[in-house]
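Each structure below appears as structure tokens.
Okay, so subunit A shows up in both of these, paired with subunit B first and subunit C after.
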Partner chain A sequence: MDRPSERIEDTRSGSRGSPSGSMTSAEANAADSFLVRVLRQDGPGLTSYWETHRVAREPDMNCISVLQKIAERAETIEGRRVAPVAWECNCLEEVCGACTMLINGRVRQACTALVDRLLADRPGEIELRPMTKFPVIRDLVVDRSRVFAALRKVKAWVPVDSYLDMGAGPRQSQEDQELAYQYSKCMSCGCCLEACPQFLKIELVRGKGESETDFRRRLDEANRQAFLGAHAIAQVELFNLNPIGSMTARQRLDVLTGEGGVQICGKAQNCVKVCPKGIPLTTAIARANRAAVRHVVRKWFDL
Partner chain B sequence: MPVPRVVIIGGGLAGSAAAMKLAELEFDVSVVSLTPLKRSHSACAQGGINSVNDLTRQLGDSEWKHFDDTVYGGDFLQHQPPVKAMADWAPRIIDLMDRLGVTFNRTPEGFRDQRRFGGTLYRRTAFAGATTGQQLLYALDEQVRRWECAGRVKKYESADFLGLALDDHGRACGCVVQDIQSMEIFTLPADAVIIASGGCGALFGRSTNSMACLGSAVSRVFQQGARYANGEFIQVHPTAIPGADKLRLISESARGEGGRVWVPRRPQDPRRPQDIPESERYYFLEDRYPKYGNLVPRDIATREIFRICIEDGLSVQADRMCVYLDVTHLPRDVLDRKLAGILEIYEKFQGADPRTAPMKIFPAVHYTMGGLWCDYERTNDGELVVGSPRNQQTNIPGLYAIGECDYQFHGANRLGANSLIACIFSGVTVAPGIAAYVDAQQRRPAETPASVFEQSRRAHQEQYDRLIARGGDGPNPYRLHQQLGAAMTRAATVIRRNAELDAAYQEVCALEEQSQRAAVADRSGWANQNAVFVRALADMFPLAKTILRGARLRDECRGAHYKPEFEMPAVDSNDPQQRKLQAERWCDVFEENNRRWLKTTVASWSSERQPEICYEPVDTSLIPPRPRLYGLAGADVIEQAWRTRQSRRELQPLVHVEP
Partner chain C sequence: MEASRLTSLFGRHDFAIRRLHSLLGLMPIGGYLVFHLATNAAIIDGPEAYQHRADQLHKLGLTTIVVLEWSLIFLPILFHGIVGLMIVSRGKRNVLNYPYADNWRYTLQRLSGVVAFAFIVWHVFDLHGWLRWSWWVENVARPLGGARFMAEEAPATASAAIGRAWWVIAFYAVGVTASVYHLANGLWTMGMTWGLWTSQAARRRMNLPCAAVGIVLLVVGLGALGAMVRAGRLSNLPDGAAGPVRSAPAPAADHASPRVLGSAR
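And then the complex of A and B:
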């Protein structure tokens, strides 16, 4: 269930080194409390900094309840009053994807990161950082709009004629349903992108005198050119498997074979290792690759 | 004519369904949400979605029986025309979701598979593993994205709804919204506004709800004059696992697929559950409700679990209330194909495998049956006029409510797998009604002079500036929230007592007063979650007070609202003659209760910051109320007495729910 922990290389340059100088190891090992190191950042483009909080240990804690305790106390170990740490969350049962962050160096959802297990692996301390492949909005909140932009780009939907009553959808084998269900559990959390060596961070700053619209356009263009990532390739598989979706499969394959498409994948296979939903991402990429080749060959011969 | 505009607050199942349908009808749609649509709370719905289907039809099921199960399950507190329409439309809604690519589980022949759910004897529930809500939400989110690409829908996915803009006719003409990153406050003019913001689990501290289920959008329109109905009806789900941050749902589908609830007959039996022989296990639901067994409606299952733990002292553990939910006897492939989603949740959070050892569960606050009061139009025969501008419209013209935050469909208790159908049904059918409403307006609300919007915007801006200026010295808002949750959970969940409700009301008023001064520790003008929470906290109190007041006034037991002080008289005599008399007495009380209490609770927010409550008759014109016993062992004498009484009066025969 718990995958062996993988440390993602720290590609961040702006981080100011090690924090929490003042605590003694005796304090850190106190069984009734533990330390939480959080990499904070007050806003986009600002310098990040470490901050350490002490949290009382209670039964059944996860990293969400840790952050709730920090918000409630809002005081560092040095006794300094600070603003509560900002983070994103919603469902708290790993179906919404919101609370994704780096916990002890590993990208995952904070809700399923249980304190007892984290402390068993690394006694006394938990480290929380924002994902590194997306621009930081504040503290642990990052801007993942690029994930959704990729879904727009690959036309990740079933293009029905209308929402009028046209009877049931096509029948489907259990096997096909089970395959599709695997892919459709993707909650767009971004773990696969964080772990991917080919997926690089895009962080643009709005220029002086640049209008909001122009800035948006520039960002869209940058997103369009950059790698789609494993999640979007798997969604192409999902919709090209769907009997109605398959009718527009070529449009999605055009995207896959275009700029930022499947050819950029370097087959590091990190994505599938970090996917919290166990989606067969590398299988999807392999299938997409084959479909893409067929698609290109057919286009050459104008079939 | 300019393109008509609608703003939708909330992008879960109901909001997304409305957005895609309105876009198809060529509206210009804006969706305002605290989270990206795809991360909405609908994703947490697990078990499935109900409708009569080709399979159940051949076993005698019909739209009417789905309708009947729903109103019987809701203890007859719903107006029946909209509920009947929902049951009638349900098969078509599921067909539509099927076409949109929802990965419903399949039979070997390739048809949609169905399972049984609570409060019915038919296998009416279509499902996609144990993450049906997530799958339905994704299908709708994808359609909304398609319309977004077509330029028809604009999404504001990190925005907080602050209030309505009202024109000089009192119509909703748009709303004021805050971007919760830039903290900029702006207005969105509209010809109609839809609230689709879900339930208010946050009032109870921890619940099965997501963190965005704050109830704040509903509370804000309530404070602007919208009415709130049946607030006291809060569903407590029988099977959840406790956590420090949230109570996590273990879906009814576990029981739908054959899961059994039991406790050891010996209190706190120290043996491992798998070592306790069958004869020493007490399957209390099956024992008391032989007909429905583990699939009695949620309010009943929850009360039975409470009874077994509190009154009978049979909780599995002494230090923590819980009972076993056992699926270990089910075949592995069924578990993996149909229930994997929930079993993984249990596994991830409890660290034990429910395939080999029974789960330990306990009830948790789950669903808001009450909600914004809304209207409907019916024909003389009691059918809903689909496409009427009155359907789902609140008492504020141009303000609509759909999904969990409306009160229309579930009465005093919601049946499992009916919420998803209600959300999509109300979302899809509200669209033509809004089109009719907008067509009928002589002057488009969105054309209201800019000064009106600017005035609303400025008022909210000033309020926000004052909030930020308050600083960090007041009471701690997170602790106030915990206290509110504790007070509400103690007084207004499974067992309600008037003295406790009175005390809770006092306590909540005191907390409200403190919340007005609550500390805002973060003064940042960027992504200030602290300020957004403090504001939401203050808006929890009007709904909390409405729930408490409604519960205090309603001196009866109905569905999820249970007051031991007003329990139905016992039918427990061993003497047959005496027993008959007791049953007659039971029926007398039942009829008296209905005369007095078969009414919708309707609350308005007064200028003294108190809920004012009045009652409206319920339209039960299609199915007359009858005792809601679910075949309780030993209660057949009541059924008999009731039948005799009805036939003596030559009323229309009762509708039976025999398979």
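And then the complex of A and C:
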């Protein structure tokens, strides 16, 4: 569960004028280049706008290398010099989730979006947009902190709080291990949330005279009330499956049946189809529902 | 402040409210839909059978009918419908971007819910009049074209109301289809809501029974609608070739008369 990495900073200064950065439009004909349409936004809350770049085609490109080429040239097809498109990336092997964006309208990681396949599906052009369910920081960089706030809310960890050697923990069945392994592949990228029609964007603007602390508190409260999302529900399943984690299962189930809990799921089931790790998210939701019902009945009748 | 307090009340009890919404959809609303469509289907056997069924129901007596229809039909549907509209308003449908079969089902569940709720509110006013209170029926419902159904003249009044215009027939067909889809797909989603079918294989297996329930109900519902429209057409023949729609005499005066509270008839 890596946090988003540092942003790719403006790398334009000094790189202009290099031979590779001066491709004329005549050279760049359709066969050995393609267009990249990017939905840009200069900062939080500002209006977004489309911009088109031409990128020379090279073997085995992915969308990260495309963005690197765009940063290198930083010039639109109209020949206007612009600030390079900002994006995030980290692992470059689809395990960190930092480069998640909408590529040809579909949410996925840029690092494993291969240009050859994208152009085979849609010749000549690739469209890049930031995720729509998170506030845009700049261009393709979004603030995904709500993903991690949801994990904190459901206590997605095994509490081990002791100075003493407690000995070996309880054993876990092979069956549970195999299911837990599926859930443990989550990289908190947010694809399931982006595709979920029940997960709505929260974007607050800090008011004039509002302190940073007050603004944070308001944002935390908005996140607390809003839908957890499929990823956090699956993590509840993961940690409630764990023999030691299950000792605090009721705390997680309290969150799951509280405001913004599992009840908001509308069974559209897009989450499981867009999950890059193939996590059985709908199974997690159905199992979480079963646990939630049992939990509420137990609470009602003090069982 | 009032609005935010209401929101927080709804938020704190969100789980209970949505589970109640789900439960009411099955019982009594889903159960009543099955019962209602099956009762309607008596018209397929002819006007006498339909009148007989209406008489059987109205033997319960006015007070029992009012208590049952409000507690088991109107209030549950109002709760289910209003909470349903809130659920629809809190979703952002995206089926054009993610055109998966399950996402279509999700979208249609919301569309059919809104259509069915609008249809039911109109349908109950049109035939029933909403309230069995004579002042309301005489001064509000009838002047506005509602309360067309009369249990003593069940086949004649129902077929006249439903067959009075092409758009009424079409609205009935759409309303029945939307209600049946909403129930059949709702049965399936309910299994996930309550954790009855959790594995992917179990969820796939349950598609078939839920679809079968929907298809049977749709055939029964639309069959009854067709028979009702046909019954109305036959009774309008100038020579009365098919006989009067209302052929069975009222079984007893005390059952046939007043079905409206405070009526002087």
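Going forward, the second predicted complex is superposed on the first by the 266 of 303 C-alpha atoms of A that agree within 3 Å, B and C clash if a C-alpha of one lies under 4 Å from a C-alpha of the other, contacts with A are read in each partner's own complex, and residues count from 1 in each chain.
Going forward, contacts are C-beta pairs under 8 Å (C-beta built on N, C-alpha and C of every residue); 3 or more make two chains touch, one makes a residue touch a chain.
The structure presented is a predicted model; accordingly, all values stated were derived computationally and were not measured.
For the composite obtained by overlaying on subunit A, subunit B and subunit C can both be accommodated side by side without a clash.
When the two structures are aligned on the shared chain, A:296 is found in touch with subunit C, with no touch to subunit B.
When the shared chain is aligned, subunit B comes close enough to touch A:151, but subunit C does not. Within the superposed three-chain model, A:74 lies in touch with subunit B and out of touch with subunit C [touch as defined at top]. Applying the stated contact rule after C-alpha superposition, one finds that A:209 touches neither subunit B nor subunit C.
Once the two complexes are laid over each other on the shared chain, residue contacts for A:195 go to subunit C alone; subunit B is not touched.
When the two complexes are superposed, the chain touching more residues of subunit A, out of subunit B and subunit C, is B.
In the superposed model, A:270 lies in contact with subunit C only, and not with subunit B. Our summary of the superposed model lists a minimum C-alpha distance of 20 Å between subunit B and subunit C.
Common to the subunit B and subunit C interfaces on subunit A is no residue. Looking at the complex, you find that subunit A touches subunit B at residues 1, 42-43, 58-62, 64-65, 68, 71-72, 74, 81-84, 86, 88-98, 111-112, 114, 137-138, 141, 144, 148, 151-152, 155-160, 162-163, 165-169, 171-174, 177-178, 180-181, 184-185, 187-188, 238-239, 242, 244-245. By the touch criterion stated above, subunit A contacts subunit C in their complex at residues 105-106, 195, 197-198, 200, 225, 257-261, 263-270, 273-274, 280, 282-283, 285-293, 296.
Against subunit A, in their complex, subunit C makes its touches with residues 11-12, 14-16, 18-19, 87, 90-94, 97-98, 100, 102-103, 105-107, 109, 189, 191-200, 203.
Interface residues of subunit B, counted against subunit A in their complex, comprise 20-21, 24, 35-36, 38-41, 43-44, 92, 95-96, 98-101, 103-112, 128-129, 131, 134-135, 138-139, 142-143, 145-146, 148-149, 181, 210-212, 242-246, 248-249, 337, 341, 345, 347-349, 351, 428, 472, 476, 478-479, 521-524, 526-530.
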